[in-house]
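Have a look at the structure below, then the notes.
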Amino acid sequence: MSAPASIGVPARKREGVFLQRLKGGDPVAHAIAWLAAASVLLLTVLLVAELWSQSATARHAFGFGFLWSTDWDPNARKFGALPFIYGTLVTSALALLISVPLGVGAAVFLSELARPKVSVVLTFLVELLAAVPSVIFGLLAIFTLVPLVRDVIGPALDKISDVFPFFAGPAYGVGLLTAGIILAVMTFPFVISISREALLAVPREQREAALSLGATKWEATWDAVIPFARLGILGSIFLSLARALGETMAVTMVIGNDPKIASSLLAPGYTIASVIANEFTEATGDLHLSSLILLLLALFLITIVINAGARLLILATTRQGSAK
Amino acid sequence: MSAAPESRVRSAIPAQTLPQAVDGGQADSRPIKLKATGIDFFYGAFQALHDVSIDFFENRITALIGPSGCGKSTFIRNLNRINETIRGARCEGEILLDGENIRDIDVTQLRRRVGMVFQRPNPFPKSIFDNVAYGVKVNGLARGKRAIEEKVENSLRRAALWDEVNDKLHKSAYALSGGQQQRLCIARALAVDPHVLLLDEPCSALDPIATGKIEDLLFTLKDQCTMVIVTHNMQQAARVSDYTGFFLLGKLIEFNKTGVIFRTPAQKETEDYITGRFG
Amino acid sequence: MSVRLIRRKIVNAVMLALTGLCTLITASTLLVILGYLVFNGASSIDWNFFTRLPLSPGETGGGMANAIVGSFQILFLAAALGIPLGVAAGIYLAEFSPNSVFSFFVRYTADLLNGVPSIVVGIVAWSVVVVPMKRFSALSGGLALAMMLIPITVRTTEQFLKDVPVSMREGALALGASRWRAVATVVVPAASAGILTGVILGVARIAGETAPLLFTALNNQFWAKGWREPIASLPVMIYTHAISPYEDWHRQAWAAGLVLLALVLFANIAARFILSRGTHAQRG
C-alpha cells in the first residue's frame, strides 16, 4: 500500500512538496481518518474501563466468590452469579446442540450438494433470517413456542423423564428448553453462513481430486472438503456460541426469570443478559447495580475469549486454503 | 478441421527427435480409446470451445498445446466430465470412451476409468498412504488391509515414488516436495487403474528437475494407459508426446503426429506459435 | 452396477436429502415468521397505528406513532454519528495505513466490538450519557446504537475499499493526484456501492436492537419533548407490549413486529440489490 504513495511524490519537484500536499489536503485528511480510527479504539477502552470501574463496588464486596455464589436476592443485598451463569450455559449448549447439526448440514447442502440455482435462493432466505431482530423472535416465541412447550413438548418429554431426568417436572412453557430452542433458531444463520464460508474457502482442486478418483459428490464432500474446512466449521460453532451467550431479548421473553439452578430443562431459569435487561433500570441501590455490571463484565470476558478463539480458527482455515 | 492423424509423414522427421512408437509404425494401428466429436463448450454465455474433434489412440501420449486461455484445459476437463461441477458450464458434442458415450456411463465409474492429474499438486491433507489408498477404498477395489497396502505400494512404484517415501508412508503428504507431491497425485490416480490419464499442465508448478522426473514417468506409464497431457511448454510436448493438437482461441487448429506438428505444420497459426512468433 | 456402487449412490442421495432437509427447515423458518406476523399483525395495522399514541392498558385502539418516529430519531442520531466515523476509520485502515500496529489494533477492537453482545455495548452509553445527565434520553440511545454501527461500518468499508484494484489508485496517483484526492475521487467512488450496502445492512441491524436501548433510551408512552428525554422505539415497544398481560397490547405488538420486520427485510433486500447492480456496473 505504501508503494503507490511513493510513486506519486517523486514525480513532483522537491520544493513545495509539503505545501502542495497541504493544498491537496493529505495531512488533514490523514488526521481526520486517524481520529476516526482512534475513536474505535477509544470506544473499546471506554467499554472496558466502564465495566471495570462501575463494577468496583460488587467486586470489592464479593471477590471471586461472586461467580459461584448461588443466592440472588436484591432485598437481602445478596448477589451471586451462578444461577445466571448456569442458565446462560445451559440455554446456549441446548441451542448449539440443535443448531450445529442442522446448520452444518445446511451449509454442506448449500455450498457442495445443491444445484446452484437452488442454493442461491435458499442462501438468500437464510441470510434474511439472520437479519430478523431478536425481539421478533421473542414475540413469536411467547405466542407460539411457549404454548407448544407447555401443552405438547413438555408433557411428551415428561413421559420419558424416567430415562432422561432432566426432562422431569411440570412444563410452564417458559424455561430453559424454550429459550434453548429459540436460541437455536437464532443461531442457525450464523452457523450456516460461517460454515459455508469455510467450505467455500476449500480449494476447488481438493474437490476435483476426489471426484476425479471416482468419488460421489457426497464422498468428495465428506472425505476431502469437510476435513479441509473443519477448523473453520469449528470456528463457526464458537462464533455462534458467543452469539447465543450474549443474546438478550428473545431469551428474556421466554426464560421464566427465576434465579435458581433447576435440574429440569422444563423449569424456568435466568441468564446473565436477561437479568440485566430486567433489573438494570430498576436496580435497588448501588450494590445491586454494581453486581449487574459485574455480570456484564463476566459476559464480556467470556464472549471475547470465545470470539478470539473462533477468529483464530477461521483465520487458520483461510490461510490453509490460500496457501495451497 | 483436424488433419487425418493416419497420414504418413515419417520421412520428414529425423528419427532421434521422435518418440519411438511412431517410428515403429504401430501407432496408426492402435485402436481409438477416446473419441471426441464436435465439442462446443460454454461458460454461461461465453463459448470457450468451438467444434473440437480429436481421436486419442490407445497407449499413446497426446499433447495439447496452445497459448494460455486457448481452451486446452477446458477441453480435457470434459473428458472426465469434471467440468460439470463448474457453475454455468455446458458441454455439447459427443465423447466416446471405448465406443461408449461418456454421458451414458455412470459419472463415478467414468472418472475411475479416466483419471486426472491437476495443474498444481493437490494431495489431500492426509498421510501419503491414505492419499494413494483413497481411490482404492472409495471404489472398493481392494479388500482387506494387506490388499490395500499392496495396491498402494504398487501404485507408488509405478509413479517412481516408492523408494523416496517407503519409510514415511504415514507422514503428511504436505511434507513432500512439490515434485514429489505431483508424483504422489499421479500415484493416487494410478491406484484406481485408469485406462486413460488426463494431465492438466502437470509440471507448470515444478522446477526443471522435477519436471524431468515426471516426463520420464510418463514414458514408463505408456504401456499401461492412454495419456492426454495439456502443456504450455512446447519442448515438453515435443519430448513426450506421440500426437499433438494445437489450440487457439477455443478452436483446434491442427492435430497430427508430434513430429509433423513441430517440423512441417500445415497451418500458418501453428507455425507462428511453435516458432515463437506469438503467444 | 455393482452392489457397492448402488450402495454408494444411495448414501449420496440420502445425504443430499438430509442436508437439503436441514436447509429447508432453516430457510422455511423465515417464511413461518413472516407468515405469522402477517397473520397476526396485518389486521391491526391501520391509520391509527401510524398516527396515534399508545393508550393505557384496558383501552382499545391507539397506535405507535411515537415509537415509529422515535425509532427513526434514534437511528438518525446513530447514523449521523456512526457512519461518518465508521467510513473515515475504514478509509484509514484500507488507504492510509493498512499495515501499522495501530491499524491492527483498530481492526482487532472493531471485530471485538462486533462480537460483544449488544447489551454489553449499551453500558458505555449508559455511563457516559445517562449517569452524568441523571436521566434516560434519546441521546444515549443514539450513542448506544452508534457504537454498534461503527465497527460494522469500519469493517465493511475497509473490505470494499480493499477490493478496489491497486491499478486504479496508481492511475490516479500517476496523474499527480494527492493521496487524499485519489482516495476521494477514485477509490471511494469505485467502492461506493459496496460501502452503501454495508451501511444499509448495518443500519438495518441496529434498527431491530432492543437490549442496549433498555437502559439508555428507555421507553416513553408519549412524544419525547427533545433529545434529552426518554424516547419510545419500535423494538422496545414490541418487548413491553409482548410481555404485558393485555390482549389489545399483544395485538399492537404483532402489528409493530410486522412493521419492524418489513422495514428490516426491505432494507436488506434493497442493500443486496444495490450491491448486485454496483458490481455489474463495475464489470461493465
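We call the chains A, B and C, going by the order they appear; numbering starts again at 1 in every chain.
Assume a contact is a pair of C-beta atoms (placed from the backbone, for glycine too) under 8 Å apart; a residue touches a chain by one contact, two chains touch by 3 or more.
Keep in mind the model is a prediction, meaning the values are calculated, not measured.
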Chain pair, most C-beta pairs within the contact cut-off: A-C
Most remote chain, CA-based centroid, reference being subunit A: B
Chain whose Cα mean lies nearest the overall Cα mean: A
Where subunit A and subunit C are represented by their mean Cα positions, the distance between them in whole Å: 16
CA centroid of subunit B to CA centroid of subunit C, Å: 52
Subunit A and subunit B: spacing of chain centres that average the CA atoms, whole Å: 48
Multi-partner residues of subunit C (at least 2 other chains): 8
Interface hub residues of subunit B, defined as touching at least two other chains: 108-109, 138
Numbers and ranges of subunit A residues touching at least 2 other chains: 216, 219
Residues of subunit A touching subunit B in the complex: 116, 203, 205-216, 219, 223-224, 227-228, 320, 324
In the complex with subunit C, residue positions of subunit B that touch it: 106, 108-109, 138, 140
For the subunit A and subunit C complex, residues of the former touching the latter: 1-2, 4-5, 7-8, 11-12, 20-21, 24-26, 28-30, 32-41, 43-44, 46-47, 50-51, 54, 101-103, 105-106, 108-110, 113-114, 122, 124-129, 131-140, 142-144, 185, 188-189, 192, 216-219, 221-222, 239, 242, 245-249, 252-253, 273, 276-277, 280-281, 293, 296, 299-300, 303-304, 307-308, 311
Subunit B - residues contacting subunit A, complex: 80, 82, 85, 87-88, 108-109, 111-112, 115-116, 118, 120, 122-126, 134-135, 138-139, 185, 188-189, 192
Residues of subunit C that touch subunit A when the two form their complex: 8-9, 11-12, 15-16, 18-27, 29-31, 33, 36-37, 40, 84-89, 91-93, 95-99, 102-103, 105-106, 109-113, 115-121, 123-124, 127-128, 136, 147, 150-151, 154, 166, 169-170, 173-174, 176-184, 201, 204-205, 207-211, 214-215, 218, 235, 238-239, 242-243, 250, 253-254, 257, 260-261, 264-265, 268-269, 272
